[in-house]
Every structure is written in structure tokens, then in C-alpha cells.
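Next, two complexes with chain A in common: one pairs it with chain B, the other with chain C.
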Partner chain A sequence: MTTAAPTVGGRTRLSQSQSLVSRLVGFATSQEVVLLLVVVLLFTVVGNANPRFLAERNVLNIFNGNAYIAVAAVGMTMVIISRNIDISVGSLIGVLGTISGAMAVNGYPIWSSWLVPILLGGLVGAVIGFMVAYLRIPSIVVTLGLLSILKGGLITVTNGEWITDMPADYFLAQMRTPELSLPGITIPAIPSPIIIMVILTLLAALWMRYSATGRAIYAVGGNAEAARLSGISEKRIIMTVFIINGLCVGIAAVLWATQLSIIQSTVPAGLELQVITSAVVGGVSILGGIGTTVGAMLAAILLSAINSALVFINVSPYWFRSVVGVLILITVLTDMLRRRRTQI
Partner chain B sequence: MKTKVFTLLVMCAILVLGVVVPAAAQDRWDGADDLPVNPLACPVAEGETPEEPAAAEPVPYNGGQPANAPDLAGQDIVAVDVPKLVGIGYFAATTLGQQQAAEELGNVSVTTDAPTEANIDDQIAVIDNYITQGVNGILFAANDPVAIAPVLRRALEAGIHVVGYDANAEPDAREWFVNQAEFNGIGKAMVDNMVAEIGADGSFAIVTSTFTTPNQARWIAEMQAYQEKCYPEMTWLETVEAQEDNQLSFNQATTLINKYGADLDGIFGMTSVATPASAEAVVQAGLCSVDAAAAQAPSAEEAVAVVGLATPNAMKPYVIGDNAGCVKSVVLWNPVDLGYAAVYVLRAAVDGTLTSESTSVEAGRLGTLQVVNGSEILLGAPFVYNAENIGDFDF
Partner chain C sequence: MPPEQPPILEMGHISKRFAATQALSDVSFVLHPGEVHALLGENGAGKSTLIKIISGVHKADSGSIAIDGQPVSFNNPREAQARGIATIYQELSLYPDLTVAENIFMGHAPRRKFGPVSVLDWDAMFSRAQELLESLNITDMDVRRKVGTLTVGNRQRVEIAKALSLNARVLIMDEPTAALTEADVQRLFEIVRLLKTRGVAIVYISHRLAEVYEVCDRVTVLRDGHYIDSKPVSATTEADLVSMMVGRTIDNLFPKITAKIGQPVLEVRNLTRKPLTRDVSLTVRAGEIVGLAGLVGSGRSELAQVIFGFTPAESGEIRIDGKVVKVRTPGDAMRHGIAYVPEDRGTQGLVRQMRVRENVSLTVLRSLASGLFINSQSERQLAEEKVKEMGVKTPSIEQIVGKLSGGNQQKVVVGKWLATHPRVLIMDEPTRGIDVGAKAEIHRLMSELAGQGLAIIMISSELPEVLGMSDRVLVMRGGQFVAEYSREEATQEKVVTAMMTEHGSTAA
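And now, the complex of A and B:
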């Protein structure tokens, strides 16, 4: 490429500048930027109506509130991009969170009660991946089965009894960074879930964009046949995706379990739908092949912000469900329109 | 690209619609139902004469009676207790109360026998067994009010006395039901305990399950009626929904705290999930009204009190545990007293001292209990768990 550059220099530069412009335009209208604008707009409108909405504490609460959903959405993004789905994430978060709490209460070292659920999540992901990739069972069926097993199993084992009295240093999600006082600016203490959410999202986004395996996920989801012909092992990619998804769910479960002093020992209702909604509203195409983890994270934050905003401006929470439903429909509609255009 | 711009515009439009339209047309969502309310009398200062409660129209007796029951007045009787399930703290507490009553009475022996899961089919099988074996009395807490009725009617036909507690059956399938708490009693206890902490001019908000959950809506309606009658100076800020979800309850309570700041004095939790989650929100916001000696105690102005319906185990961390004093009163009934009363009611029904004509029944240490709603015995005012007594309960 570098040796060839001088001979076709002019043309290369031209196409580069063209692609730069179109990439800029593409960036400005990408789902991520649109979501960011909507979040900013929401904060501005509601902040005008009630300035307390913009108070540091409330903003941190909004970011923190759905951080564990955003973490699970990182894995869900990959799963959906690979043209699969995982509807067992809510149940898995409930089960892994309960395991984490039970370990902490029963005297296991704190680090193990954080680590074991994450590894177990990866293991469950590997089992799902194996059934989907090698046994050729559709992922919705595999995870539907798993959902029922986990949901029923959890209630049978725990009798619905809550876990309380975890040791004081168990609460990972309640930890915060120290407050930083730089000259002229004070960075407030940031809750750890926000840090974990941002780091995981960015790492995953970069990995999916620049690594061979990451790009192969898009290839498998976008056009499985072409991916196979270009030498990508679909089975291996799907295994990888579900294992990473399991690990993300494990991290989300630990954040979920360590946030409050009580673990309910039941599966949080509708949690899988919140995770899937975050991914879909974040611009992940349900037909596979398109989307980023950054979009999913922004969508999770938007949903949390909408929920908080409705309380702030005295709107019935019933609206929340309607607003979320409309968001989903719009995003999917846009995705369909976008696809139709590119096909022409 | 056009579609993107279109999306952006539509999203903005929805945001505006979602924000402006309902806000303009919004009545206060209080989460109360529209059924008639019956607030209890306000507490009276010493020396004043209490207001006479309005005499309610008595409902005629609507229970069922055992057929040809043998006259066992004063004689030893054998009873079986079939709660929803065994192996949980709540029904262990009702069993404890029954044993206390049996011991006091001396002429009753009660055994508790029930499935280990709250399953109506298993419960019916257990009751059926005891009808065949032959007992003098059956105490039950129904897993399903309708499904359990036929087997209970068979028991009545076999001359067995049948008394329910905690969870009712159809009235004609049992003689009596010990009702742990009436809605207006809970409403009064909640508001009175809140007033004790934030004063008669405080502002409060409510975290409930959903606006359409029957029990919660009924309690809120009674709380509202009682507060308007007895503490008109209080400010009812709003009610938020939080399903029965721990995380959502916490988020909603946190949002209330952020929204109202120092204007919020207290939060009512209407479910056993919402109450501990609201307490947790207050703890994590650093707004517990615990003694000012603590390192970063909030000013009285900022502190937020939590009063609610919850089980003792979930609330111990906030009443006597790590965050002791953050919550001062938890409203519920006392399951030990509930089991205790059920045995006294059974004994009175066997002895013939509690008949369809009765308006009250003697229940040992609980004193005289009133007959309400035709064939129900009211346990009395709700029980308030606090730092002194919460350690005695395990459910």
C-alpha cells in the first residue's frame, strides 16, 4: 500500500476526502449521536422544568441506575449482531446474583463471591453457545428453555427467601472513586458501576471494530454465507459471542447483587426485556450485522433518564412503557428503511 | 440520512408530547382506589373525650356451621392446623402462637401439618386426610379461597369446626375467619407512625407496587382519608409505582429524594419490597435521621423518615442492624397473635360461647376481639415493629 501510494496519490487523496465527508455525515446521523442528542435534549427540557433534575446526585443516580443493564447489553449487542437472541439474561442475572450473595453470606472470600458468578456466567454462555452453534438449536428456543429452568430452579432452591446481612465490604456497586480536586474543577466521586459500564462498553466497541474476531461477528450476522466463504468459522464465532455474553451477564449480576442490602432471590421481572430494549433502541439491528455497544449503553442511560424524568415532571409511570414502546418501534422502523435504501 | 433526521425529529416530538401534554392534563396520581373509605377516629390527647365511632350497619352472620357437631364444651379437643405451607418463618410464628394458646387453655391439642410448598392441591389432600382420620377442629390459611371451599364444606358436614386465619376461604365454607388487619386500621397505623416522626405538618411521598394492586390501592385510600381527617396540615407529595421490584423501588425512592430535596420529610413503603428499598435509598443518600452524633448526620430539615408495611427480617438492618434507627416503625400484624387468636376462636366455637349471635369473643391475653363483616374476628390494631421488639421475630 505505501509503495503503491505515489502512483495513485491523487486518486487516493480524493477518495479519502470523500470518504471523510461521508463518514462525518454518517457519524453525525448515526444512532449513537442521535441518542446522545436525545439524552441531552431530555436533560435540558426536564432540567428547565425542575433544576434539581440536573443536580450532580440525580445525574449520577440516572447513570448508575441502569449501569448493570448496560453491562448486560454489551453481551446482548454481540448476540443480536450475530443474529441470535438471549432471552434468559434476566433469569441468569437473578440466579448468579443470588449465588454471589449466598457465597458472601456463607463466609466465602469476598473476591470469590464476585468472581465465581462471572465465571459461571461464562460457563452457561458456553453451554448455550454449544447448543446453538453445534446442535443447531435456535437460540430463542435454547434460552427460552434456560429461562424456565433458572426461574423455577431459583424459587425451588431458595423458597423465595431473601438474602440479607452480607459483609460490609461485599457491596462492590456501592463503592465510589475518590473525589478528585483538580485546580478549577472538582470531579465528584463516581460510583463503580458507571466506571465498569463505560470501560466495558468502550473495550467491546474497539474490539468489535478493530479485531478480526470482532469484525467476524458482524460478518456472521450480516451475511453468514459470505462469512463462511471467506473462511470465518461461524460456529466458533457464535461460541465466542455467547461466552462473552455470559461473562457480561455475570458482571451485571454482581453489580445487581451488590447494589442493595437485600437480594430478593427471585428473577427480576422483565429484566431481559430491558436489556434487549437497550440494545435495540441503541441501534442494534434485530436482523443482525449492525450496531455498537456504545449505542446500547446510551440507550440504557436514556431509559433510566426517561424513568427519572417522568417522576420529576409528574407524569404517570404508565407513560414510561408507552414511550419505550414507541422508541423501539421508531428504531426498528428506521433500521428497516435504512436497509431498504442500501438494497436499492 | 433523511431517515436519521426523521428519527431525530420524531424522537423530539415524542419527547415534547410525552413531557408537555400529560403534564398539563395531569391530575395527581395518588394510587388510591375510588371505593368508599372509613377512616378510624383520630388519636386523642389525654383528658379529651374520644369521638364516638359511627355505628356501622352490622352484617348478618354469613359463615357455615358444622352439621351435628358433638357437644364437646369444656372437653379436650384435637385440632389440626393447615397453613399455606410450612418451613417459612411467618407460619412458624403462627404455629408458635397456636401452641401458646393451646398451653394456656389446657384442653386443646393442635398439630401443624401442611405441604412444604404453597400448593392448593397438596393443601386439599392434607385436609382431606384429617377429615378421614377424624379431628374436632381444622384451622387453615387458604392457598386459594375458592378452590379450598369444597373440602372445608365436607369438613363442616362431618361435624368438624372450621376456623380460618391469614387467608380466607368463601365465608360459607368456614365458621369464622380471624382477620389480621382491616384496611382502615393499617391506614391509621401508617399515618400515625409517620406523624410521630415528621410531625403533623410534614410532607411525604409513597412508593407502592402498582396503582391497580387492590390491597395497596385500598390502604392508600384509607391513609388518604385518615390523613385528611386527622392531619389536614400534612402535604401529600405524590405516589410512585415500583412493581414488586427491589431495584426499581430503590430507584424510584432515590428519584423522589432527589426531586423534593429538603421538602421531603417521609416516605411510605406500601409493599414488603418497597419499604426496605426505600430505607436503602435513604441510607445511600445519607439522609437517615439517626442521632446527630454520627459523623455526617443530615440536618433535621433534610432527614427522611421511612414508615411502611414490611416483614421484620427485611427491616432489621434499618431498625436494629448496621443502620439502626434509620427506620423506627414497621407496620404489619403479629403472626404469633394471629395463630393465638385462631385457637381461642376455635375453642369458643366448640364451647358454644361464640355463636352466630355474638359480637365479640374473649381471646386470652389479647382481650376481647370484635366480630366484623358477618363472620370475621378482627385481630385488632396492626402491630408496629420497632427497635424494642423486632429482634423477637424471625420471618
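And now, the complex of A and C:
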């Protein structure tokens, strides 16, 4: 617009190389890379102690077991980054999973028993979003209420009856890709939850990083007032975040329900905490504005791997919860330290 | 009020420095029992710092404080309280969910023995609270009522009773009438006069000169952290006081370049949003810088936020280039070419944990996106361009904004707004808290932008800045414009008089 200052080539180049170094350092100390290293380390150490840990079957199980949690964590990541929380996800997964199973055994087309829960999840998300964004009720209160309603409602409606005898082609989560034999290498059959988890996580990560709406989510979570003053509609962003979260929860519910041969019509205990833990250990700041879905997915995998590793090194699985607790505290502590270092 | 009584409080040669700012230098202040002593000065003159030193919130770097002739040194507000110094701040510090009596006796409630333990003596607390209020001629307040349900005036009376329950002999009142209705002001004055007869010394801070004449005995004026003078109120006129307060040195930091002033860009007609925007009309032309002067709380930022749609108007109209536009949200304002650089860059201007690049592009995300995704190359280009244009000193556009200095952060905020190609730029305290060099750069930039035909509204509490940068100065008081001066007419005396006094309005 105005007179351009003469560019001093040397200085520009210097600052670019400085920024490259600092970006590399930033990348190497990012939560995602640290988590990846920890996962690799865990596999190496435990695999050394007990080679059966690295058996193809077990590794696939580790990735597969928490895949639906990682899918729910994609939505949770967005919710927490926008400086909200959803503690109803566990109950919603239970309810939507039950609906999915009930539809399947009652003769609805299989595709609809997969699709309807996802859409219902989006609808519930819209309701939560509306109450948070427009009625200005804190999300923790809205979802606490919803948690109770869903939990109570599920028992009342189903009388706690189990759903069994779903049609054979219902079990989406048990499907696998065909084994691929390329010259020199065999790619094993990969269970569908892993594929869905990876695709969804990467899509969400790209969208959050490169789309206008994704950027606005970080801005709203980082400083809602500054975001509003920049012309961003906080209400619209919060609605969007909760709707996407609802859709993710719907997908997670279908993955959860279709891996079971019996759906117990109850809400899996402590599931919402596992989802939130994945996000937090994955580097999503509980204060909003910071985090990625990739981190959350890696954290979900790490938690699954720890759970499995305890068995292979003969440690009582009851330690699992304590280990997770320690992980949460370490992550939050490093988050605080990192914040203190980057800003006053 | 016999002035011969020995002073209750003597402060001598007090100096205090906060980082880069010398808040007080060599200030003396003497207070006698039974006097109401006005403390006057512009925004930033050092009044708040002085009372915070009296009440033990801050410690002076040098100088002496004596109470009843004995030297004292307060490490915290409790120690000051114990020596009979009580402060009533603008934002009252009461607990809304507790009763009047509990608030009065917070921290020193009467107790009684209940077997081996000491418990609260509720009966004593209620009856003593009642007595205290009655001693102030307040008979219409229920001591069992929750403070949150009281009017502002009544809450203030609770604060005063609380101070007296601590046997306060020095009562500091920081703008006590700022939020009161006229009836409450009169009751406050009655209480002040009552306390005077009991020998309580009162430090009275107010921007309303009329009140100084109504209720105060002596006046001390501060300017830029310096002691100017102390006089009996009866020996001064309003004009004296104003000239003592102003006369701040205008350093030659304001390279105002006169721009060609063109057609009206922004026209505001009868804009109202109660309580602080009342029937305001305003025209700003291309190339013009209009300075809004006024005291804190006079409604300047509120007006800006109404024009910007952050708190949309209840009635009135906004025109851009002669066309009426609807501004209900900041998004609307931006679409019509209005930009707002807010008062507080930390909480309103920037997302501190984001990068420079991301902050600059925040206002134009939509237009940077082609399809679903933001075009990274255009985004980087935009950020590089604004960083260069504003002269932001940063290692790169990928720097986290929170790590930059205040001045550079402010340049990022301005850059972010220029990215929207605005026609009207509202700058709220554009140079508050930034160093002299960055300040001069912001001022140079404002001149340049005006030269390019932008219409600029500048809100500032620094008179020299207002007078130095504005083509026209508008003075606000109580949510309205009360005076308007051209660049040539405007003087510190005129502007301050309009800011502070009822009859200061000359042209409006």
C-alpha cells in the first residue's frame, strides 16, 4: 500500500533460516512427535521383554481396540480447542450404539442402521451447540444434564435387555480389507476401524489446519473476544464444533456397536473420560486454542498399547488407570510449562 | 475544622517507579483530621498510585510516611487498615451473597464462647451493624439483607460502615460518585460531612470539579507523577484547578502531517445504546483524524463498540459514503469498511498463542480461502506485507504473537485491520502502554493512513496525543458529546474543562 521498505536480502535470509531451525525444534518437541516416539519406544522395550507383544495379531488389536475412542476424540479435540467440553460422549455412544443394533435386528436395512445413529449424533450435537452458543449455558452443564438424561433414558426404554442376533453383514467393525500381496511384501488385512480412524483423523487435522473455519475454532478457543472483534461468529463456530463432534460420536458408536456380538444396552463406564484423556494426553490444551486430532489419535493408540503391554510384562491390569492418571498429569504439566515459556 | 491540629497523615518526597514509567516523583501530601482533601489530576497523573501507597497496596521506592507524627511503613493493606486507613475503591469490594452485617464485619466478626470453641456471635453482629449504620444516619437498611440485592448507593454505604467498623481515621474515596444517582450523591455528601465533624480525615478523588467545591476543604493537584500544589479550595477557581492539572509537556513525538480532507465517509446520526451512548451524532471525513477526549467512563469506547456492532445500537443510524448501513455485528461493520483497533490488545486484539501470520489473517479468513482451504501462499504474502508495512520487528511471520513487545503487538493489531481495506479506522487508546519509539511509529502510520484517505477516529486518554494528532477534537461526558474544537481552537485547558465541568460545554 505505502512505500515499501527496501528489502535487505541478508536479513531476510537470516530470519528465514532462524525460523526454519526454530520450526524444526518446535516440530521435534511437539506433542505429536513426542507421542510417536513414546509409542515406538514402548513397542521396542516391551517387544524385547516379550516378543509375543509384537505379534501381528496383537499389534492390530492394539490399533483396533481404541479406534472408536480415537474417532470420538477427533470431535472432542475440536470441542476442547474451542474451549468447551462434552462429558456426555460415553452415554451418547451407548445410546446410539443401542439404536444401531436395535435397527439392525428389527429388519431395517443395514446401511440405515449405520447411517441413522451418525445423523442422530449430529442432531444431538446441534442441540448441545444451540444451548451452549445461544442460550449461553456452559457446555459442562449442558452435557452433564444430557449425560444423565441419556443414561437414565436408555435403561428405561430398553429395560436393560441385551441385543443379540444381529444380521451377519451388520458387523462393520469386524470387516477387513483384503490381504494384499505385492511383490516382495504382504500387506496384512487391516480392520476397518483402523482405516476409518486414520482417514477421519487426517481429514480433520487438515481441515482444522487449513480451512477458514478450522482456524476460527482455534481463534475462538484462544481468545473468544478477540475472535468476535475480528468478525468471527463465535456462535456459528460453537454450533459447527458440536455438530461435528456429534457426527464423530455417531461414527464411534457404530464402530463400538458393530464390534460386539452382544450389545448390552448400557453405557460403557468411564468412556467419556477415556475420550477426554486421549485428547488431553494428545496435547489438546484444556484451556482451549491448542492441539491437533493427530495428537489425540496417537494418545488413544498409546493408551491402548499401555493397556496391552501391562499384560505382556505381567503387571496387573489394575495399574492401567494409575498409569493413565500419571500420563494426564505429565501432559498437563508440560503444557503449562510450555505456555509459561512462550508467553507471559 | 481547626487547621492547627497536627496532621494525621504526612507523606514526604514519595517516589514510585513501575518498569518504564515513573508513576510518582517526589510527591508530598499532608492530611489533617476532620478535613476533606481533594486529590486531583488527569488520567495517569499518579492519583491511584498515591492512594495505593497510602493504603499499603504498593510500597514507595523512596520517601517517608508518618501517621500521627510516627514514621510507618506498610507491607500490605492489612497493616494500613490496622493503623486506621480504609479505602473505598471504584469497584466496590463486597461479597454479594453475604448479608450487610457479614460484609461490614468481614474478617473481624464478633465472636462468643460456645463451650470450648469460639463461634460467630450473630446477634452481636447484627445489632452492632445496625448501630454503625444508625450512627451514619442510615436507618432504612436491613442488615440481614444480601448485599447483591442493594443499589449501588446502598452498597457504598455498606463500604463506609465497614471502614468505620475498623475504626478508620483516614478514609480514601476513589471516585465515589462515579456510579451514583444524584440523590445518592447528596446522601454521600451528608455522610462525608458527618464523618468530618467526628474528626475523620477524607481523601476525595473525583473528576467532577463541582463536587470538589461542594464538599472539599483542601485540594492537592498532581500532574505526570509530580506534586503541583496544595491549596484551600476556597482560594481557587475552576480555571485555576484546570490550569494546574494540564500543561503537560508536549514532546515533539507527533509528526502530524496534514492530509487533504475530503467527503464525509462515516456519518452517525442519533446513535443510542443506553447507558453510555446517548443520542450521539458524528461525521468523519476522508483524511480526517477525529480525536475523542473524555474521562474514563465517559462512553468513548462504548460508542466505538456501538459503531462497530460489537454492542449494536438500540436506535439511530450509521451511514457510510452517504448510504445507510445496518451494523448488528462486527462482521457487518467489517463488510461496510469499518475497522476497530480495541483498547486492550491482550484481551481484545490478539489471540496470543497464535502466530503473527494467523493473527494478521484472522479478519480476512473468508476472502483468503479458495474453496474449503485457506490459500497458504496468499496468507503468507499478506502477513509479510503487513509486517513490512507496519514495521513489526519480529524474527518471522511464524513467531507466536504473545512473544512480541507491546508496540510490535499493537502494530500487528493495526496490520490485521488494514488487511480488511477499511474506509473508517477506529483506534481505541492506540499507544497505551507502548514505548516512546513505537508510539511515534504508530503516530506516523496514522498520519500516513489519513493521507491515503482513511477516516480515523482516535480515542485517547492522553491529552497531548489528542491535541497532537487530531484535526478535530470531540469531548465526551456521560455518553454524549459536550464540546467540539477544531485543531486550531483546541487547548488542554478547554478540553479538560469540557471533560470535567458541567458548564465547560461551549460548542456542541
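Here, the second predicted complex is superposed on the first by the 329 of 344 C-alpha atoms of A that agree within 3 Å, B and C clash if a C-alpha of one lies under 4 Å from a C-alpha of the other, contacts with A are read in each partner's own complex, and residues count from 1 in each chain.
In the analysis below, a contact is a pair of C-beta atoms (placed from the backbone, for glycine too) under 8 Å apart; a residue touches a chain by one contact, two chains touch by 3 or more.
These figures come from a predicted structure and were not determined experimentally.
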Should the pairing of chain B and chain C on chain A count as a clash or a fit in the superposition?
-> fit
Based on the superposed arrangement, let me know which partner A:37 touches: chain B (first), chain C (second), both, or neither?
-> first
Pick one for A:321: touches chain B only (first), chain C only (second), both, or neither.
-> neither
First (chain B), second (chain C), both or neither touched by A:210 = second
Looking at the overlay, does A:334 come into contact with chain B only (first), chain C only (second), both, or neither?
-> first
Chain A contact check, chain B vs chain C, more residues touched by chain B
Could you look at A:164 and tell me whether it touches chain B, chain C, both or neither (first, second, both, neither)?
-> first
Using only C-alpha atoms, work out how near chain B sits to chain C after the chain A superposition, in angstrom.
-> 14
Chain B partner, complex, touching residues on chain A are 25, 29-30, 34, 37-38, 41-42, 45-46, 49-50, 52-53, 55, 57-58, 61, 65, 159, 161-162, 164-165, 168, 174, 256, 259-264, 268-269, 304, 307-309, 311-317, 319, 322-323, 326-327, 330-331, 334, 337-338, 341
The residues of chain B that touch chain A in their complex are 1, 3-8, 10-12, 14-16, 18-19, 22-23, 26, 28-29, 87-88, 238, 240-241, 243-247, 250-252, 254-256, 258-259, 261, 273, 276-277, 280, 283-285, 313-314, 316-317, 321-322
Any idea which chain A residues touch chain C in the complex?
-> 1-2, 4-5, 7, 15-16, 18-19, 22-23, 206-207, 210-212, 215-216, 218-219, 222-223, 225-233, 289-290, 339, 342-344
How about chain C: which of its residues touch chain A in the complex?
-> 308, 310, 329-331, 333-334, 340, 342, 347-354, 358, 361-363, 365-366, 368-369, 372-374, 376, 388-389, 391, 395-396, 398-400, 402-403, 416, 418, 448, 452
